[in-house]
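This is the structure I want to talk about, given as structure tokens.
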Amino acid sequence: MTSINTTAAGVEIEDLDVSFGDTHVLKGANLSIEPGEFFAFLGPSGSGKSTLLRAIAGFGPTPSGRILIGGEEVAHLPPWKRNVGMVFQSYALWPHMTVRRNVAFGLEERKLPSREIATRVDAVLEMVGLLDLAERRPAQLSGGQQQRIALARTLVVEPRVLLLDEPLSNLDANLRIQMRRELRELQQKLRLTTIFVTHDQEEANTTSDRMAVLNDGVIQQVGAPMELYDNPANLFVATFLGTANVLKGLVEDTDDGAQFNSVDGVPIPLHTKERGPRSLVFRPQNVAIAPANAPVDSDRVRIAGTVCHMEFLGSIIRYGVSVGADTALVDDQHRRGAPVFAIGDEVNLFLQKDQVTTLKN
Amino acid sequence: MGSVFAPGQRGPALAGGLIALFLLLFLLVPMAQVVVVAFQDPNTGAPTLINFVDFFKTSLFQESFINSFYVAAMSVVLSSLFALPLAYFTTRFNFGGALLIQTLGIIPLIMPPFVGAVAMALLFGANGSVNLLLDEWFGFTIPFMEGLNGVIFVESIHYFPFILINLSAALNNIDRAMEESAQNLGASGTRLFRRIVFPLAMPGYVAGAALVFIKVFDDLGTPLLLNINNMLAPQAYLRITSIGISDPMGYVISVILVAFSLLSLWVSLLALRGKDYATLQKGGGGLMRRDLRNWEKIGCYAVVILILLLVLSPHLGLLLLSFGTIWSFSVLPDAYTIDHYVTVFSEASGYITNTLLYAGLAALFDVIIGTGIAYIVWRTGLPGRKWLDYGATAALAVPGVVIGIGYLRTYHGINVPIADQPLASWWVIIVVALTIRRLPYALRACVAALQQVSVMLEEAAENLGATKGRTVWRIVVPLMSGGILAGFVTSFATASVELSATLMLVAVDSDAPLAYGIYEFMQSAAGRGPGAALGVIGVVFVGLGTYISHRIIERGRVTLESTAIVAEGAAA
Amino acid sequence: MKHVLFGTVVAIGLALASFQVQAVEGTLTIVTSYPKDTTGTFKAAFEKKYPNVKVEMLKKKTTAGIKYLQETAGSNTSDMFWASAPDAFEVLKGDDLLVKYQLKVKGIPEKVGAFPINDPDGYYKGFAASGYGIMWNTRYLKAKKLPTPAEWSDLKKPVYHGHVGMSAPSRSGTTHLTVETLLQGKGWEKGWAEWKAIAGNFKTVTERSFGVPDGVNSGQFGVGIVIDFFGLSSKASGFPVDYRYPTVTTLVPANIALVKNGPNPEAAGAFIEFLLSGEGQELLLDPKIRRLPVNPATYAKAPAGFPNPFKDSSIGSAVKFDLALSKSRYNVINSLFDVMITYRLDDLRDTTKAIQDAEAAMAGKSNDKAATLIAQAKALVNQVPVDAATASKQEFNAVFKKKRKKATTKVEGRQAEIEQDWDTMVKGNYAKAKSLAEKAKSML
């Protein structure tokens, strides 16, 4: 049973620019979010992700460009006429009102009959499981409870889009995992278009259907989480999503086809048509580590190096291997009794050619 | 919070004892010396409550009580009408000159009310400039200054900055998300203000309004200058100072004034209990500042300028008076001259030096004592600590003339060794009187500042080996600096215009402060212009001092905010 | 140490050289209610004459000055008290805070007008005369088309309704004397009736005596009942005001006295002598001061048109002022004025307006019933809660004083109680009178 009847709306962002005075914080954003999609804005702080979210809600400086919600142009509308629900990072529960009054607020603003308000408030509090706390003040609630009330307060008005601004950042680690699952389930149940701002890629990966990675006011790449991880469009995306080894150098023609020569002159043959200065990117888990005298496999690229540090992380051992002046990280599956390299050991790294990406610097 | 007898409490206990002793010696004892008459049978001298029975049976006093209450309540309403738009526009919109507006909004505090009343009568009186013009053009006049209206008008203009300061601070402390979440849920405009913004700023507003209410209820200068007798404070004053008559009712009224003021204070604290919203959270404080459309901007500026013109009218009047030759039954002075400034020029420097010295010292002592009391009340478990707060706050309600007479009665017999003169006629006693009279302002500012400092920051310092005293000095005081400076400014500005206690205590002319000097000039027909010139000079000096302190506060707040964010980040 | 010795030697030398004159030096502290214009002029002139004396003028309102001297009597630091109202000096004398002084200057007559210049007991000395009169703002009168008032009775006229200002006798000693003068001149009942009729036209009762000239100068009200130097000095300062003495007035001396146990009695004596010397008396003619000298010879140097009470018998001589009578009912009059006029001014003004309106409607008509009602209304307004005999009774006066001469003086009742009774009666009378007057008007 759901008491919330929402009609999912898509969100289109076209050439959106936002400036705070002389500071250009969002530069020509273009984005298309499908109805019912769970979409994440991911990026470091100062990347413009919150600004973009707030622009959709109608907060912050007036942007240039277009924002369409369900096909309707909203950029000129004040926040209170947009019917997009937003849950704030600090929850922003009003301390002078009880939980019930907080949740009823939006419905009262919509001038609903008081009987309907009461039923809907009860229903949504029931849904988040906090009906018995209705008469409390926000200060008397725990962080998780406050979070749910903030969500209930937003959902009860049946918004066209749900905006979540780092909603989990004020919770402790266990609660965060639980809440993100609940959020996802709720979103699936309601089929509500949801935009989620976070700087935590794990949160974005686990909850969202698609996501946009932002940096420096620019949308770097849009796509499903795995797609972005596997095929980053640029160095920023590659390094921001998970751990990546980056070797800088030049892709040149040789007799056998393309070859990457790192700055230190380590040659790595590649399958690529690109030429010129490039960065070679590969993930630590896609590299095999072997003793220096191990046989060479022609399918794989061999890189010689020296172990310079080692971390035991439980399921894996992460080695740092000096390759020329660079250090490559290598994850080795840990099995009981398997040999472990020591710092200073000469090793060979084996890299499958299809697991390597070349990106422009 | 520590336990009652924790070893770390020895320092605070000593400080608390010293403050209590100070309050006892310079507030309670002198006051008791004066008001004891209220509890004596006028015919036999035996202790009795008959005088209080008389008070409540006397219709004149009943009316006076109602009038005082009415004037105080209406002054709160009118002050709010002045303060609300100024506070709201400058904290909520991107508004050119917001700092200037805020500073100008505090200027009315630094004009002695009796000087303001003179200027106001010339501008708004029955035959003042405004009414002369109205009469000439439209054939009617508005009784701005008639009867209680005049008192309400003058008091509101003088005291509204209390609401402005407190309300602006409260509005600045509201988490922006509080407002945005309401907008997100469909609220806007006045509904948003009424349902969210104002309730959240309520603690600041009530604190300011309570201060206005009490000050107006107890003020005697303004009604006396406007010749309004049927109010409590003037009744007390008239009866205490009448030649030859020794009516205990004057002292009875003083006791009632003190009691009623404490009652109002208590009620306001009760109303605020549990509403102390520490709404400043991560993500930046302060309301969202919105850009205004052009026509909105024009409207806002029109309102702001109108209010500023109104509240600064005493200053404009004073300026005209100081440059005018003769100003009598006319819209403007007959001609202009700088003679008045020439007249006072040689004497002004003495008055100004004295004023800056006295008010500066008093404000300094006030913030030191205020910080001490705030810390003891809110951070220690010392028994009876609340009484320090009550005691210091009670000074708000003690009429200046009672303090003045009390000091003379208590300390004239005590000789100061080095200065070789009686304590009551040594200039330092004026500083002490000002310190006591302005302590409540500084105390409230210090308490507010302390409440915004997380206990955790202190615990961190103690954990790293700092003693209580070192912690207060190195952590608490720096973090409170914005509030302490605000308290200093308020105490300083208001102390520099104090007259009622100083009139009684100035023992030699060369010790006299500015307000006293202006008063002296204004007691003769020829002295009105020079008095006004002295007033203008004083306002300029004190205003400059206030503005500079304000700038320091603004700068202090920026650093303080970044510290607070770091601290919150560490706590999260 | 050398300096002190040297100073002493010089002082002794000087003292020997002018063997009659005592060494006059040090600081002279004078508690005064006078404005800077007056005190500054005298301070400068005196210090010029006695370069070793530094004069400290301690400016206090008369009432505050008395309190100050009372409270500081234990370790007195003041030498002199210098103010207008003789009654203020009476209070200090009564509290044993003054010392007698034997004047050396010659040429000061016994009386000015009907009032003795010096305290018969020898404690305080008159140095200038002041008379009460009427002051008006010429622009105001012109704009409101009001005639120029000449006599107290003019101020009763309906044309002045809401245009007159005065201070209260409990606030200002000189105002008290004006009230008392009229009461003595007209008798208790008629005197109060006259005051109430005038007060019915009041715009305000000011808290300070300076409030009256201030109000007239700035045009807040048109006509003020003021002491002469306020009117004269305002006019001299350029304000569009004028002043005149009505027929029934009294001249009262403004005074100075030595405070008991003052630190510098020699300088204090020198100051009194200076004040009353030809030189000091002449300073009073300064346009910013404008007080009437008590030395008749000084008037020779006065500007044309300066009033001379020693020549012009119309000033202040119509009433034989009975000082003993005044003293006997001093506090009762202060209290009565406040209860009947100051605190009930709004009621009195409304009632007076109603009576004036009714009388205006009566003009030229004859209606006995209405005339009776108006007469009744007037009688109600004029009723005084105590008669002249009671007002002067010692026991009755004692209610208004905390300090009584003798512990055996019997006191019945408390001031608050008595004033409440008076107030009930006065307020009721005014209300009744108003309705009677309105009824009378409705009949016309």
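By written order: A, B and C. Residues from 1 in each chain.
Just so it is clear, a residue touches a chain if its C-beta (ideal position, glycine included) is under 8 Å from a C-beta of that chain, and two chains touch if they have at least 3 such contacts.
These numbers come from a predicted model, not from an experiment.
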{"item": "Farthest-lying chain, centroid of Cα atoms versus that of chain A", "value": "C"}
{"item": "Highest C-beta pair count, chain pair", "value": "B-C"}
{"item": "Cα-centroid distance, chain A relative to chain C, in whole angstrom", "value": "89"}
{"item": "Euclidean distance of C-alpha centroids - chain A vs chain B, Å", "value": "53"}
{"item": "Whole-Å separation of chain centres (CA-atom averages), chain B against chain C", "value": "36"}
{"item": "Set of chain B residues in contact with two or more other chains", "value": "none"}
{"item": "In the complex, chain A residues that touch chain B", "value": "57-59, 61-62, 78-81, 83-86, 88-92, 94-96, 105-106, 109-110, 150, 153-154, 157, 170"}
{"item": "Residue ranges of chain B in contact with chain A within the complex", "value": "175, 177-178, 180-188, 191-192, 195-196, 199-200, 202, 275, 277, 279, 281-283, 288, 291, 572"}
{"item": "Chain C - residues contacting chain B, complex", "value": "29, 35-38, 56-64, 66-68, 71-72, 74-75, 77, 85, 87-88, 90-91, 137, 139-140, 143, 170-171, 173, 203-208, 210-211, 213-214, 217-221, 230, 233-234, 236-241, 288, 330-331, 334-335, 338-339, 342-343, 346, 400-403, 411, 414-417, 419-420, 423-424, 427"}
{"item": "Complex interface listing, chain B residues touching chain C", "value": "37, 42-43, 50-51, 54-55, 57-60, 118, 121-122, 125-128, 147, 224-225, 227, 229-230, 234, 238, 241-249, 325-330, 405, 408-409, 412-413, 415, 421-422, 424-425, 503-504, 506-510, 512, 516, 520-521, 523-528"}
